[in-house]
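Naming follows writing order (A, B, C, D, E and F), and every chain is counted from residue 1.
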Amino acid sequence: MNEIFSLAGANLLSPIILSFALGVGAALARSDLAIPEAVAKGMSIYLLFAIGFKGGVAVSSHGVDATMILSLFAGLVLSFGLPLLAFSLLRIMTGMTNTDAAAVAAHYGSISIVTFVAGTSILEGRMIESEGYLVAVAAVMEAPAILSALWLVARGGGGKRMEPELLREIMLNGSIVLLVGAFVIGALTGEKGLAEISPFIVTPFKGVLCLFLLDMGLIAGRGLRNIRGVLGAGAIGFAILMPLLGSIIGLGAGLLVGLSLGGVVLLMVLSASASYIAVPAAMRVALPEANPAIYLTLSLGVTFPFNLTLGIPLYLAMAQVAMGV
Amino acid sequence: MQTHNAKRVEIVIEAPLEKRLTDALMQSGVTGYTVLPVLGGSGRSGQWSREGQIGRAGMVTVVCLIKPERLDTLLDAAFTVVSKHIGVVSITDAQVLRAERF
Amino acid sequence: MQTHNAKRVEIVIEAPLEKRLTDALMQSGVTGYTVLPVLGGSGRSGQWSREGQIGRAGMVTVVCLIKPERLDTLLDAAFTVVSKHIGVVSITDAQVLRAERF
Amino acid sequence: MQTHNAKRVEIVIEAPLEKRLTDALMQSGVTGYTVLPVLGGSGRSGQWSREGQIGRAGMVTVVCLIKPERLDTLLDAAFTVVSKHIGVVSITDAQVLRAERF
Amino acid sequence: MNEIFSLAGANLLSPIILSFALGVGAALARSDLAIPEAVAKGMSIYLLFAIGFKGGVAVSSHGVDATMILSLFAGLVLSFGLPLLAFSLLRIMTGMTNTDAAAVAAHYGSISIVTFVAGTSILEGRMIESEGYLVAVAAVMEAPAILSALWLVARGGGGKRMEPELLREIMLNGSIVLLVGAFVIGALTGEKGLAEISPFIVTPFKGVLCLFLLDMGLIAGRGLRNIRGVLGAGAIGFAILMPLLGSIIGLGAGLLVGLSLGGVVLLMVLSASASYIAVPAAMRVALPEANPAIYLTLSLGVTFPFNLTLGIPLYLAMAQVAMGV
Amino acid sequence: MNEIFSLAGANLLSPIILSFALGVGAALARSDLAIPEAVAKGMSIYLLFAIGFKGGVAVSSHGVDATMILSLFAGLVLSFGLPLLAFSLLRIMTGMTNTDAAAVAAHYGSISIVTFVAGTSILEGRMIESEGYLVAVAAVMEAPAILSALWLVARGGGGKRMEPELLREIMLNGSIVLLVGAFVIGALTGEKGLAEISPFIVTPFKGVLCLFLLDMGLIAGRGLRNIRGVLGAGAIGFAILMPLLGSIIGLGAGLLVGLSLGGVVLLMVLSASASYIAVPAAMRVALPEANPAIYLTLSLGVTFPFNLTLGIPLYLAMAQVAMGV
C-alpha cells in the first residue's frame, strides 16, 4: 500500500500529470487559457499516429502469436461485457434513467487512449516492458461497448435498433482508423520505418503529451465546475468504483491470456478507463435522449483524473502482487 | 436588380448530426445549403463553448435558401432529424438573385 | 408546420466583450444564444482580419432568437455593453419552431 | 430603443474572390461588412467541405448591412464579382441601431 | 524494368507512402478521419520553410554557378512550355472545353512541391546527392504556367486579359514567397543557421511529411470517390501520360543543363508533377468558367498518387539509364 | 559603438531575425502568406510553456535567494512605474488624448515575452548565462502596468474604476497562467522532468521561434502599412525613445538588485519591451475609447522590431560597459 502511494507520489510529480493539474487549476480559476480546437485535434492525431505506429513496429519485430490473438479476443469480450456490469451498478447506485445509464455504460466498456498512453509512459519510466499489440487491443475495445449499450436500451423497450449507417460510422470512426492504420504501417515498415520517423514520433512524444494533457485538464476542469448540478454522490462513487472493478476484471483476463506484467497492467488500464471521444459522438446520434453532461463529466471529470493519478500506480501494484513480481 | 422571394432557414444543430440533416434536406428537394461553424452558445441544455468540448464535436449552423412553397417540406424533413436533439430552427423572409437556382 | 413570430438579433462585437455581452443578454431574460466566429470585417474603426490580429482577439457574432415582446429589454441590455465598443447590432423578423423554448 | 430600416445582404462566395468582392462593395458606398467562415456546403456545383479542400481555399460569407436605398447599387457591384463564380446572394429586411453608421 | 518495380516496391513500403495510402483508404471507406484545416496549413508552412531553408543552405556552401543559372532558366522555359503540350494532348484525348483544357494545362506546367519533397526523400534514402538550388527552380516553375494558360484562352477568343492585380497575386502567392524567402534565409545564414534550427526543420521532417501525406491522401481519396461523374477515360489517360512525357522533357533539359543524377531526377519530378495549391486558387479568379472538379481530380486524384508510387522510381531508373550510372 | 553594430549585424543574420524580416516584407508586399490563427496560438502556447518550464528548472537547481525576491520586487515596481514615465513623455511628444496616452503607457510598462525569448536566445548564442527566475519576473511585470494606466485615466477625471471581474481576468490571463504554471512545473520536476521532455521543449525551440517570428513579422508588416494614417513623428519617436529610457532604468534596477550580466540584460529587455497580447485585450474592455490602432502599431510595428534588431545588442553593450565586463 505504501509502495502504491509512493509510486503515485512519484507519478504525480511527472511533468505530464502536473500539466494536467495545471489545466484543471486554470479552468477552476476561470482563467481564459485555452488550446485552440484545431491544435488539440492536431495533437490527438499525432498521439494516435505515434502510439499506433510504435505498437505496429513492436509486433513486426515480435511476430504474431497465440497470446496476441487471445488478447484481441479478450479485448472484444471485455468491451462487450463491461457495459453490462456498469449498467447494473448504475441502476443500483444512482437514480439515472435507463437511457442515461446505458449511455454511461458504453463509455466505461470502451477505452481512453490517453489513459493508455499515460500507462505506457509510466511503465517505460519504471523499465517495464509490455506487448506492442496492446495498441491493437485498445483499438478493438473502442466500439463494441456501444453495441452493448444500444442492446441494453432496446431490451428495456427503448425501441432502439442499430441503423447500418451508424454502425459504419462507429467502426470507421477517425480515431479507430488512424490508430489501426498507423499500427499496420508500423507493422509493415518495422524498425527501419521507425528509424526514419522516430525523431518525430518518439523523442518529442512526452512533451506533446504534456500540452495535450494540459488541454484535457482544462476541459476536465470546466466539467468539474458544473459537477454539482449534474451529479450526485452515487454517480461519483460509480466513477471511482467502476474503474477499480474494471481493472480487477482486466487483471483476471490478462493473467488468463498469459500477458507479461506490463501487458497485464495495460489491459487493466484499458478496462478501467472510460471513453470520452468516440463514444460521446456516437451517443449523440444513437441515444440523443441521454444527457451528455452526465456521461462526459463522469468519464472525463472523475474517472480520467482518478486513473491518471491514483489508478495506474494502483493497477501496477495490484498486478505485481498478483503475479508475484 | 431583379430579386425573388425566398425563405432563409437557419438550423443550429450538433455536429455529429450534420450529415443526417443535410441528407434529409437534400431529399426534401433543397438545392443547396451552407454550413457555418459555431463557437459556442447557450440554450435549454446549458452553456457550451467549442474550446470546452470533449471530443470537440460541438455544433454547426446550416443555412438554407429555398422557394417559399418548399418551406413546409423542408421543415418536416429537418424536424425528423432535429426533434430529439439539441438545437434550434428559425426562418426569415428573404430575397435572392438568380431564382432559377433555388 | 406550426411556426411562431420571433426576432433574430445579430450582434457583431469584439471577442474580449463576448462574455460581458452574453451575461447581459441572459440577465435580460434571453433563453439562449449562438456565437459564431468572424474572419474579418470593416467598419468605422477600419478594416481588420483575424489573421492580421495581434493577440488574436478579433470579433465574434452573437445571434439571439427571442419573443418579439422581449426585444426592447434585450436591446437595452445589449446596448450597455456594445455602446462604447466596436460593433454593430441588427434585428430581423423571424419565425421559430417550438416557441416554448424562447 | 430607436431602430432604423436597413437591408442585410448575405453573399456566399469563393475565398479567393473575397477581396475583390469587398473592394467592390466599398466602392459602391458600403460603410462596413463582416466576413464569416464557411465549413462546407452544397449547390449547383456540387458538395464540398473545408476539410476536403485542396489548397484549402473554400468559401466565405460576407454580410453587409446597408440603408435600403443603397441596395441596388450594392447588388450591382456584388453581381459583377459574383456572377461568373460559385456562390449565392440573399437579402433580408432588417433593423439597425445607430443608423448614422450605415 | 525489374529494378524499377523493386524500387517502386521498396518505395511503397516507406511510412510516407503508406500514410498517403492510409488517407486514401480512409476517405474511400468514408471514415470521418480528418486533419483540421489549420493544422494541415501549418504543416505545409513547415514543409515549405524547411525545404526552402535547406535548399538555401546547400547553395550557400556550394555557391552560384552557371549550371544554377541555366537550371533556373530551364525551369522557366519548362513551366511556360509544358502547358502548350498539355493543352494539345487534352484537345486530342478528351472532349474538354477550351477553358477547361487550358486550366488543366496550367496545373501540369506548374509543380507540386510535395511530390518534389517526396522525390528528395527517396533520393536521400538511396544516398543520391542533388543540387540544393533545385528548390529555387521549383519556385520559379510555380507561376509561369498560369500565364501560358491564360494566353491559350485569350488566343482561343476567350477574351481574357491579365489583370495586373491578378499577376501580383500569383507572383506573391504565399507558398512562393515562403519557399523563396526561406531559401534566401538559408543562403544567408548557411550551415551555422542550419545548425541552430536543424532539430526543428531536419530531424522531424519525415515524420511531419507522413502526417501531411495522410491528409493529402484523405483529400485525394475524397476526390477519387467522385471521379466517375467527372472524368472520362481520356482524361485519366492524360493524367498518366502527361507526367511521363513531362519527365522525359525534364530529363532532356536536365542533361542539357548538366545537372547531377539527383538533380536530373528532381527536374524530371518537377516537370512531371502537377500543382494543386497555387494554380487552383489562381484559376478560380482568372478562369472561373473552368470546372474545378476536373483539374483538381486529375492533378491530385490521379497524377499525384501516380508520381508518388510509380512515377518517381521510374524517373530515377530512366535517369540512371540515360546517364549510364 | 562599433561593437554594438557588429553584434547587431551578427544578430540580424540569425534565422530568427531574418524570419521576422521575411514576414514584414511579405506583408508590405501584400502577399497572401498567412499563418492560421490556431497554429500561431499553438506556437505561442508552446513558447510560453517551454520558456516557463526551463525557467522553473533553472530555479530548482539554483534555489530561491534574496536576489530572486528582490528581482521580483523590482519587476513589480518597474511595471507600476514605467507607465507614468511613458504617459508623461506621450503628453509632451504627441497630441494624443489622455485615454490614448494612458493605454499606450500600459503597453510599455508591461512586457513582450517574445522579445524576452529573443534576448535569451542572443545571450545563449554568446554563452552568457542568466538567472532562470527572470521568467518569473517577466510574468510579474505583465499586469501591474494596466492598473497604473487605469489610475492615470481615473486621476484625469476619466471616472474609470476597476471592476473586480476585470482585475480577475487580467491576473488570470491565459499567458500569465501558462507561463507561471509551466514555471512551477519546471521547478517541481527539475532536471529530471526536463530530461523527459527536452526533445520537445529545448531542441526544436529555436526553429519554432523562427516560424512564430515569421507570423509576428506578417502582423507587424500589416500594421506598418497603415502607419501613415495613424501615427505622427512624435509617436514614432516615442516608440524608439521609450525602450531606450526603459532599458536604462532596467539597467539601474538590475545593478541595484545585483543580477549577473545576463540577468541585467534581460531585465533591460523586459523594461524596454512593450506588450501586444495581454494588455491590448485588457484595454479593449477597460478603455474602449482608446484607439487600438495607435497602441498596437506603436508596440508591435515600431518598438518590437526596434528591440529585436538594434535594441537587444545595444542593451547588451550598455550592460557590458556599465558592469565593466
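In the analysis below, a contact is a pair of C-beta atoms (placed from the backbone, for glycine too) under 8 Å apart; a residue touches a chain by one contact, two chains touch by 3 or more.
This one's a predicted model, so the numbers in the text were calculated from it and none came from an experiment.
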Partner chains that chain C and chain F have in common: none
Pair joined by the larger number of C-beta contacts - D-E, B-D: B-D
Chain A-chain F separation of Cα centroids, rounded to whole Å: 41
Centre-to-centre distance between chain D and chain A (centres being mean Cα positions), rounded to whole Å: 45
Contacts with two or more other chains, residues of chain D listed in rising order: 36-37, 92-93
Shared interface positions of chain E, touching two or more other chains: 34-39, 41-42, 199, 204
Set of all touching chain pairs, with the criterion as stated earlier: A-B, A-E, A-F, B-C, B-D, C-D, C-F, D-E, E-F
Chain A residues within the chain B interface of the complex: 34-37, 40-41, 218-219, 222-223, 226, 276-278, 280-282, 284-285, 288-289, 291-293, 296, 300
Chain D partner contacts - residues on chain B that touch it in the complex: 1, 3, 6, 8, 22, 26, 31-37, 60, 65, 92-98, 101
Chain A partner contacts - residues on chain F that touch it in the complex: 36-39, 41-42, 45-46, 49, 53, 168-169, 172-175, 177-178, 181-182, 184-185, 188-189, 193, 196-201, 204
Residues of chain B that touch chain C when the two form their complex: 10, 12, 36-44, 49, 59, 61, 72, 75-76, 79, 88-93
List of chain B residues in touch with chain A within their complex: 14, 16-17, 20, 45-46, 50-58, 84-86
